[in-house]
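First the structure, in the form of C-alpha cells, and then the observations on it.
Labels run A, B and C following the written order; every chain starts at residue 1.
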C-alpha cells in the first residue's frame, strides 16, 4: 500500500493542524467585531491633541477573530491536554471552580477605590486568604501585594534591608545564595543594593553548611535558600542554617517556589524562616496563562512584619480597612508600596477557592501525593536514566546526562524527542549544578496510569538513544509538531519583534 | 608585533607598537556557540586589568570579557555590531573586540604564551 | 478530594515500587512532629461556592449600580467572545512558552501583542508585558538610568500616586535620586524649567492623573536637548484611540496599564503592564520578548529571544528580576484589540470622550461643583464644596459609585480634600449620569 501520510497539501493545513497568519495579514479594512452606538455628539475637549492618522490595526469580524485565536490555541501544549512535568514550575490541574468564582460580579466587577464600606466582602476574602497562608507557614504576618514569585522575593529582601537600616546595620552589604539558586534570587538581591555571593553545594545536592558558616559575618545581610531546593531535595539542615544565620545577625529568606512539596507537613516557623514568598500560581493552582499572572504573597516573621509593604488590612471597630500609606500611623515602618492597588485580587480568589476545596487534610494529601509521584518517577526511570543524587527526593526528581554519554544525543535532543511522544519536556539544563539536567516535577494531579505511560515512553527513548544508531532522529526532533526546531540564533541576531507593514519592512532592511 | 598572550578567562591580546588588540579565543567562541551580540567599549574608556571591558552573548549565555591588562581603549570593533558571527568565524582575527594602549607593558609578562595556553586548555578539557 | 487521582491501591503499589512503607517515610528528613493547623478540611464545590457567594454579596458590584470610578482602573465592556477565548485550556493552562515547537499559539499572540502595543503607543518595540502599570513605570525609570548612566529621576505631579510610590520603593536601594513634584490638579507645574543635564529621565502621564491632556512635544524637545529621556505613562489606553500617542510627541519610553482594555477591574489586579521603547534601547529593556524566526523547514515561527537580559541567564546583572509576567491578561488585551480593530477602537474612544464631555457639562452645572481640567479624555477632576470622601460615602449609600476622592491618595494634602475624580465610559448611560447629578446635588445642598 502507498503511504500517503506525508503528502503535501495545497493549503498548507494538515487535517486538524492549521496554518494561521498574523491578524495583520487577515485585515479587512474597516471591519470590527464590536458594534458600538454612535457617540451622542462630537464636542471635543481634547485641546488639539486628537490623533492624526491611523494606528494601523487590522479590522476583523467576530467569527474571524474567534477562529484565529481558536486555531492559535490549538498550537499550544497545556496542562488540560497533557502531562507537563516541568521541574520547578508545579504544573498542576487548574480547577474551573476557581475561574467561576473569580467571575462572580461581586468579586470580579469591583473597583479598588470604592468606598471601603462597599467592599467588606473583598477585604474578608483577602483576610481569609491571609489567615490560611499564615496558618500553613506558622509565620505571623503576610504581605499579599507582590505580583509574582520574584516580586515576593523583592518584598522579603526589602523588608530585610529595612530591618537592618532600622537597627543601624547598614554596613551589611552581602546576600549569600547557594549555587543551585533560581536566577531571580541574585537578581533580587542586586535590586536591593546587595552584592551576591554564591555558597557551594556539599556533593549531596544540598548547601555546604560548613562553607556557609565560614562565610557568615558582620557584612552578611541575609541568606536566601530554596527549600526544597532546586535539586528537589529537602535542606535537612535548614534549622541549623537558620540558627547560624541569626547568630550572625543576618536574616533567613526561604524561596518558597517549591512549597508544594511540604505544605501541611512542616511550618516555616519550625525552620527558623524570616521571610518566604508563596507562588499562588504554583502551590495553590492558579492558572499560568502562558506566562502569568501570578501572585507572590510573602510571609514574614515578627522581626520583619513591621516593615511590610502597604497596602495591608487593619481590623478596627467598623470592620476591615486598608492601610495604604507607608509612614502613617498604620504603617510607620513600612518600606513602601510594591504594586498598584491591592495586589492580584483575582489570583487571591482562585487560590482561596483551591485551598478551601482541598482543606488542610487535602493539602497534606496533595504534598504527599506530589512527593510520591516524584519518587515513583525517580525509581522507575533510574532503570535507564541517571539520577543525580541517591535517596528520596521531594516533589521533583533530578537526572543528569550521564546516561546519554557517547550516544551523540544531548539533553536538549532527548527532551525534544519527548514532544513527539506527546509529553511536555521536563525542565532542562537547570539547576546548573549538574551536567545536562533533566528536572521532572509530576505534581499530585497526575494519575498512576499517566505516570506509567510516561515512564515507559522515557525508558524506551533512553534505550533507543543508547542503541547508538539513532542520534539523527533525536537531533532533528520534534517531527510531529506545528513547527520543528526554531532558529533561535537568527531570532537573536536579527531581532524582529513586531509586525510592520510590508513597505516599511523592506525599507528597514 | 609581539606574540599573542592569553588569559585564563580565554581572552587574547597582541601588542603592535603602542597599541594592543584584544579578543576572545577560538576555544571561548566554541564554548559560547552562536554569538548573537557583542558590546565593545568606547574609545577613551580606562580599563583595569581583570575589570569588565566588553560583553559577549550567545543565544543562551552572556559573559563578560575582562581586560587582560590595564590601559585605555582606543577603538571598539564597530563591525561586530552588525556581524557578531565574525567572532565565531574568526575569533583571533577580524573578530577582535577592542584596541587599547597599555599603562604598564610589563603586565603582559604575567599572561600565558601560546604553549602555556594550549597546555591550559588540555588541562581544563581533561 | 476531587483533584487527586491516586487511589489508595495506587499509592500502595507505588510505595512498594519505591521501597518504602508509607508516604510519611518519604518525608523522614523533615523535622519530626506533626504540625497542626486551625483550618477546615476539604469541601465540596457547593460548599466553596456558598462561602464565595457570601463574600461577593457583601460587596457593591459596579455591575449593579451607576459607577464613575477610574483613577487608573477603568470599567469597559468585555465582549463575550473575549472571555470565552481566554478560558480555552490551551491558553489558560499553558506555561511560559519555553518549548516553542508546542507553544506557537502563545508565542504568536505575544508577537501580536507586542505589535499592537508598539503601534498604539507609536513606538518601535514593546515587550511581552510587566506585572502592572506601576511596576512598569518603576522599570522604565530604572532603565532610563541605565541608558543615560545618570542617577536622577524627576516625576511629575500628574503621575498616578501609586506609580510614584512604587517607583520610589523599587528604586530606593539603587543609589538613585527620585524627585516627585507635588500633586498638580490644575496642571501648572513647570517641567521644562526643571530639565537639566543631570537628569536620567522625566516621568509624566497623559492623560494626567487629574485628567489633563498635555502636548508633550515641547517637554520632549527640552529633554532631548539635555540628553534626558522622556518616560510617559498611560493609565487609560483606550485614550489612544482618539488622543495623540506619547511616541508621536517624542517619548523615549512609554509604559501603561492594559487592564482597561483587557478586562474586569477585579479589585485592581491582576492587570498587565505595557512597556514600549525605541529599538536602540532594546538591550536595556526589562522583561520577556518574543521574536520572529524560521523553523528547520524554513517556515515562519516565533520564539522567546534576547533572553540574555533576563535573570535566569544574567542573574545579578539582569535588567530586572521579573520572571512571571502577565501573559493571560496580555492575551485578553490582544484579543480585545483584535475584536475592536482600527474602526472599533476609534469608535470606543470617541464614545468614551463624548460621554465624558456630556458628564462634565452636567456636573459643571451643579451648584458647588467645578470641573477642573479644560482638556480631558474620559476622566476629570471636579472640586466640590465639601470633602469628597464623605460625598463618595454618601453617594454609595444611595447605590451610586460616584467617583474616587483624591484624599484617598494624598491624605496629607488638605487642599485636595474636596477633589473627586470622575470617569465616564461607553458603559455610562444618560440615566447613570442623571442619578449622579441628582445624588451630588443632594449631597452638596
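Structure notes:
Methods note: contacts are C-beta pairs under 8 Å (C-beta built on N, C-alpha and C of every residue); 3 or more make two chains touch, one makes a residue touch a chain.
This is a predicted model, so every value here is computed, not measured.
The greatest centre-to-centre gap from chain A, using C-alpha centroids, is found for B. Chain nearest the geometric middle of the protein is A, using mean C-alpha positions.
For this pair, chain A with chain C, the centres built from the Cα atoms lie 20 Å apart. Work out the mean CA point of chain B and of chain C, and you get 44 Å between them. Computed centre separation for the pair chain A/chain B is 38 angstrom, with centres defined by C-alpha atoms.
Across the assembly, chain C contributes 313-314, 317 as residues in contact with two or more other chains. Across the assembly, chain A contributes 488, 492 as residues in contact with two or more other chains.
Within chain B, contacts with two or more other chains are made by residues 37, 57, 59-60. Listing the residues of chain C that touch chain B in their complex gives 283, 307-308, 313-314, 317. The touching residues of chain B, when paired with chain C in their complex, are 37, 39, 57-62. Here chain B touches chain A in the complex through residues 34, 36-37, 57, 59-60, 84-85, going by the rule given at the top. For chain A in complex with chain B, the touching residues are 488-489, 492-493.
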